[in-house]
Amino acid sequence: MKILVVNPNISESVTNLIREEAIRAALPSTEITTVTATFGVAYIETPAEAVIGSHATLELLAEHSAGYDAAIIAAFGDPGAMAAKEMLPIPAIGLTEAALASAFLLGGRFAIVGISERIGAWYQNVVESLGMNARFAGYRGLNKAFANVGTVHIDEKDRLLQMCLSCVENDQVDSIILAGAPLAGLARQIENEVPVPLIDGVGSAVRMAEAMGRSGYAPRRSGAFSPPPVKGHKGLSGPLSAMIGRATE
Amino acid sequence: MKILVVNPNISESVTNLIREEAIRAALPSTEITTVTATFGVAYIETPAEAVIGSHATLELLAEHSAGYDAAIIAAFGDPGAMAAKEMLPIPAIGLTEAALASAFLLGGRFAIVGISERIGAWYQNVVESLGMNARFAGYRGLNKAFANVGTVHIDEKDRLLQMCLSCVENDQVDSIILAGAPLAGLARQIENEVPVPLIDGVGSAVRMAEAMGRSGYAPRRSGAFSPPPVKGHKGLSGPLSAMIGRATE
Amino acid sequence: MKILVVNPNISESVTNLIREEAIRAALPSTEITTVTATFGVAYIETPAEAVIGSHATLELLAEHSAGYDAAIIAAFGDPGAMAAKEMLPIPAIGLTEAALASAFLLGGRFAIVGISERIGAWYQNVVESLGMNARFAGYRGLNKAFANVGTVHIDEKDRLLQMCLSCVENDQVDSIILAGAPLAGLARQIENEVPVPLIDGVGSAVRMAEAMGRSGYAPRRSGAFSPPPVKGHKGLSGPLSAMIGRATE
Amino acid sequence: MKILVVNPNISESVTNLIREEAIRAALPSTEITTVTATFGVAYIETPAEAVIGSHATLELLAEHSAGYDAAIIAAFGDPGAMAAKEMLPIPAIGLTEAALASAFLLGGRFAIVGISERIGAWYQNVVESLGMNARFAGYRGLNKAFANVGTVHIDEKDRLLQMCLSCVENDQVDSIILAGAPLAGLARQIENEVPVPLIDGVGSAVRMAEAMGRSGYAPRRSGAFSPPPVKGHKGLSGPLSAMIGRATE
Amino acid sequence: MKILVVNPNISESVTNLIREEAIRAALPSTEITTVTATFGVAYIETPAEAVIGSHATLELLAEHSAGYDAAIIAAFGDPGAMAAKEMLPIPAIGLTEAALASAFLLGGRFAIVGISERIGAWYQNVVESLGMNARFAGYRGLNKAFANVGTVHIDEKDRLLQMCLSCVENDQVDSIILAGAPLAGLARQIENEVPVPLIDGVGSAVRMAEAMGRSGYAPRRSGAFSPPPVKGHKGLSGPLSAMIGRATE
Amino acid sequence: MKILVVNPNISESVTNLIREEAIRAALPSTEITTVTATFGVAYIETPAEAVIGSHATLELLAEHSAGYDAAIIAAFGDPGAMAAKEMLPIPAIGLTEAALASAFLLGGRFAIVGISERIGAWYQNVVESLGMNARFAGYRGLNKAFANVGTVHIDEKDRLLQMCLSCVENDQVDSIILAGAPLAGLARQIENEVPVPLIDGVGSAVRMAEAMGRSGYAPRRSGAFSPPPVKGHKGLSGPLSAMIGRATE
């Protein structure tokens, strides 16, 4: 199985982190390829940044997805994931979707711990729009700026661990999602110190993409994610234009 | 008061329709300016098309919004509206938001009538994400392709009227939203034949933008719509890059 | 445009406050008239008081509404507002409805700050019955009795400001509604000290009534707010009796 | 145990029907007293009529409730019931509340069948405001005017039975509420023909009032239904004025 | 009226407590019989224990329910109550259902106070599955192990009272449910010290079972609680096997 | 990886069907073992039958789960699944949970198609209790009894296909869950005739159990699914008694 992992942000250091954790999580027979956004911001925290990241995601998928069995949108908040489900004939899964599916299967209530307080409002909206808020016990994020998005999972490990323990003690959660590609791998490092499962976004996404990719679902020909009708367009990049063309044939 | 009206789609004919209805709805002292997306599709029906339209909207706002008192995102589904609230120091309102606020003030339950069945799933998601689904009695859309998005409000008037009457009879709605910029002005033409208020998206948006623009709210310095933190970016257009820069100063 | 503003409470001092703020918020061409309940309590805090205030509202509307383009029920909690929508051929809008519509258009989550803790349970019910609780971040009210309902917005300004700041800091709200006619005008006085928009009930109601009044919706002939069927009645005041009669013709 | 049964409408014929069914449902040791609204309409179908009926209910309770162990508001929609919980030191229960509690204890989903289509929107709102809509399978009402509110349960028995059977067949309900005091007693007459329990509003209310009256709950001194704070009032009837006075001592 | 009260747990001391309180709450003409689970745990705190208790409940009902007018499942969380509604031709009511119905009729929001923190997650699920979570203000439980489930209502009275007062002060609740058969009778002992009604599970269940038993509802022949279709089975106890057989005749 | 698949029903023919489909869905390196309930009914349709099946599931898990990496409860409705999550140190997943997680990752709205109308009410409850009802477009089941639970997927293939097509056409669903172990494998046979993905319960459960089993989550030591406290018990089978003992060490 070949999985394309798209980083909707421009940070190559985060792409490297993602690739490393994705390969560790994947089955030996799974081939992982990563690509990085050619435009956008260092990491996505707000709706405006997500708009840009969503477009960058579609561009990457349009250019690179041919020949893959599944695609992963490797930023929490899943910019462009619903659009990718519609545009691609293969399963396309966001980090949030995969982490939420894992929390769902573990049962009970989950918290989300992430790298910035500001990002919490957007994550809350994403969880709600995915219909999972009944189980959501709340978000906790780092309350001051960090130095380096590529090493925040190392630099701020202690504070992130304390936030996890606080979720257990104060909110009685049954699992905790470590949100954001920049935290890839942190779960393995602190899991022995937290008495409930820690869900890694990248690892979850790889395993869920493998599970869905092996399911053999045919491309949709009806419903909200079937290819859109033919219509006029202009100013789109070559690959995106071709994909919209292809989709409507 | 000066209002900038953004058409997130590339159809100049629809922009003309929007401008005409916006001017008709506006106070005499309000100045209306319209701009049209420089890239994207003829009209937005799906999440993938909305991703592209959202980016086009941000580009238009970044380039043109200086000096305006309020902005309108003139496509139902409000592509980019939440991002605009965050990026701009002035009120930014989508057609859906404005129509829902009108239905809310009229009271009771509303239906939405629009130009395509396919668009219904997306509209449903938008209404839910705005938290208005408790009052939403359902969507009805034209079930076959129309010839011309610039004249669909004329060509399909009878079928659209029948759908409105069906909402009244079968769903006991208390108001009906005529969704989509291409239906701008239709409400005035069929309102005598429908026994509940017909809500025009463009007209509602103009009146609500005037109401909010006159409220004098200062730009936000806290919360989900305050300017995002400074961070690295690349590949953005000049105006969008400048706006992100400005926002973080 | 002529707007009738009804104070469902008996406090003339509050009516004066309402009138002053309404005129300040209105377009120059809008004519504002205020009337005060002839029976009831000084200000409404509970369901029982709201029952009495609702009846007083209907009586005032029955006697005075002829010739107006829109009506405002100028008490938070909107006593009688749904009934007014049904009885009147013109838009009738409560302070809560208008403030919620403003918060809705600003986006995100809102708090409500008001003059008494006791009133919170009723406000919570009203927000829920209007279907806006998904965005509601909670109520904070003064926790001890105030001296004078006509000057509470001046006498308790500091404590009210502190409650607003607490909403921002602890609940991360995106806007705050200053609830209750007795707080009319407070928003203008403290808005520079609060980093999110402060929504004034009276000002919002005037601007929304203007917006809705100009929409030109015809009186409803179907649905939950159409005139009620003819039926026997007794013991009603002359104007209310006449209005019910008129409604059923 | 002494129970005061208040008819918020002016129809003595319906009061008689209520009294007859209440006595049949009551324990032998329970004493039933009925009183009829001195002002208002023949039967309540809309929010405006409910405003008037709520006030009439409070007036009746203020004048007559001394010495009773429990009170019943004997109109579906429960006009004034929340206010009565606040004003009275004894349990006060509406027909809707009692019928919903019975449906809740029977388990599963319930429908409501009533005497007019128009009344459905209001009933829907009441069920929602009581928090029971998750189990509510919908309302069916007579779709044309009936001749006499005092005999509608006899005159329209066949059509009401057919509506009940339709709820069973089309909506797979687990119980059916026969709504409105005018249908008191109908359940006993058609229960053998319907394969799920039929819930009589008056009978339920009597049995629930007995259950709650015997519970011995002391009057509340905290919360949303505790007596309201002292405040100025004017224009209230003697008994209502006295009750508000008493409440605040 | 004859009521069978089933204790789904193996603790005879708790059965004695239940019987004592049930007799105190019942009408003089009501005959109370208690039976105790023949297998299971001392008291139910978790889903796994509830699975066992549910089966034990069905066994007790199958063996003993003939000739009774109503049945009570006397453990909070109502293990087996939905199954009992389906299997028995008489009303079957759980302690949670009855307490929630009482809180519903009192109006407003309720808290639940119980004997262990661990039990809270399960109670939360039960309240949600019964559709009452909109009014639920949260659970508080004893945070350390108690010595004796038969005397915990005496031994821990002070801490339980403090938790009740905390619900009133911090959560502004309108009533409090004292959860769990082991707390039967506690409400009477501390009600004077708490300013909102305290709802006793056993007492509520007896009064509600009397109310429902007197309603005369015929056994269901349609819907989710009608007898299940005939099908193969094996390994069931004689009475349970016979009841399933009987149910399908 | 070793997966234990528990059939909570007594039908060996269905166990064989489950085993066959589970092996087909599993990775080559996964070892599948199936066990069948020693007591209970032929297939579970109702809450009462689910009570019995839940206990049978716990007994099977207590006796057989040692040495496995994950467990599957192979009946739709997931009898005993929450209890299994609590009792076992390994991931335990029900067919419904796994199918819902798959529908969630596919995006949009799903329908459920199953083998009996009666079973629908129970499935609806299960979907609600898992918090997935916002995406649930409804259940359709065979409306007459089938001859053989082991061959119903073959005998009724045409009617089941028609129900799937009806979900697509009338409810605009984005995926369909074929519910119930007796339908294992049907998805592969009719997927070309249905234009949206068909989700097989057994196949989904195997892939999700593999994904969760490989995640390496440690057994929980906190929260709703941590081992229950030590307490007295009696009358439990040896293995179940030992498991409860083990859990509390």
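By letter and in written order, the chains are A, B, C, D, E and F; residue numbering begins at 1 in each of them.
The criterion applied here is as follows: a contact is a pair of C-beta atoms (placed from the backbone, for glycine too) under 8 Å apart; a residue touches a chain by one contact, two chains touch by 3 or more.
A quick note: this is a predicted structure, and the numbers were derived from the prediction, not measured.
Asks: Please indicate which chain is farthest from chain A, where distance is taken between mean Cα coordinates of the chains.
Replies: D
Asks: Just curious, how far off is chain E from chain A if you go by their C-alpha centres, in Å?
Replies: The separation of the two C-alpha centroids amounts to 44 Å.
Asks: For chain C and chain F, let me know how many angstrom lie between their CA-based centres, rounded off.
Replies: Each chain reduced to its C-alpha mean, chain C and chain F end up 52 Å apart.
Asks: What is the distance in Å between the mean C-alpha positions of chain D and chain E?
Replies: Centres of chain D and chain E (C-alpha means) sit 27 Å apart.
Asks: For chain B, what residues touch not just one other chain but two or more?
Replies: Residues 82, 85, 108, 121, 128, 172, 174, 223-224.
Asks: Could you run through all the chain pairs that touch each other?
Replies: So the chains that touch one another pair up as A-B, A-C, A-E, A-F, B-C, B-D, B-F, C-D, C-E, D-E, D-F, E-F.
Asks: Show which residues of chain B lie in contact with chain D when the two form their complex.
Replies: Residues 108, 172, 174.
Asks: How about chain D: which of its residues touch chain B in the complex?
Replies: Residues 120-121.
Asks: Considering only the defined contacts, which chain B positions touch chain A in the complex?
Replies: Going through chain B, the ones touching chain A are 10-11, 38-43, 45-52, 54-55, 57-58, 80, 82-87, 116, 118, 121-122, 125, 128-129, 145, 223-224, 228-229, 231-236, 240, 244.
Asks: Going by the contact rule at the top, pick out the chain F residues touching chain A in the complex.
Replies: Where chain F meets chain A, its residues are 25, 27, 82, 85, 91, 93, 97-98, 100-102, 104-109, 130-132, 134-135, 168, 172-175, 191-192, 195-198, 203-204, 207-208, 210-212, 214-215, 217-218, 220-226.
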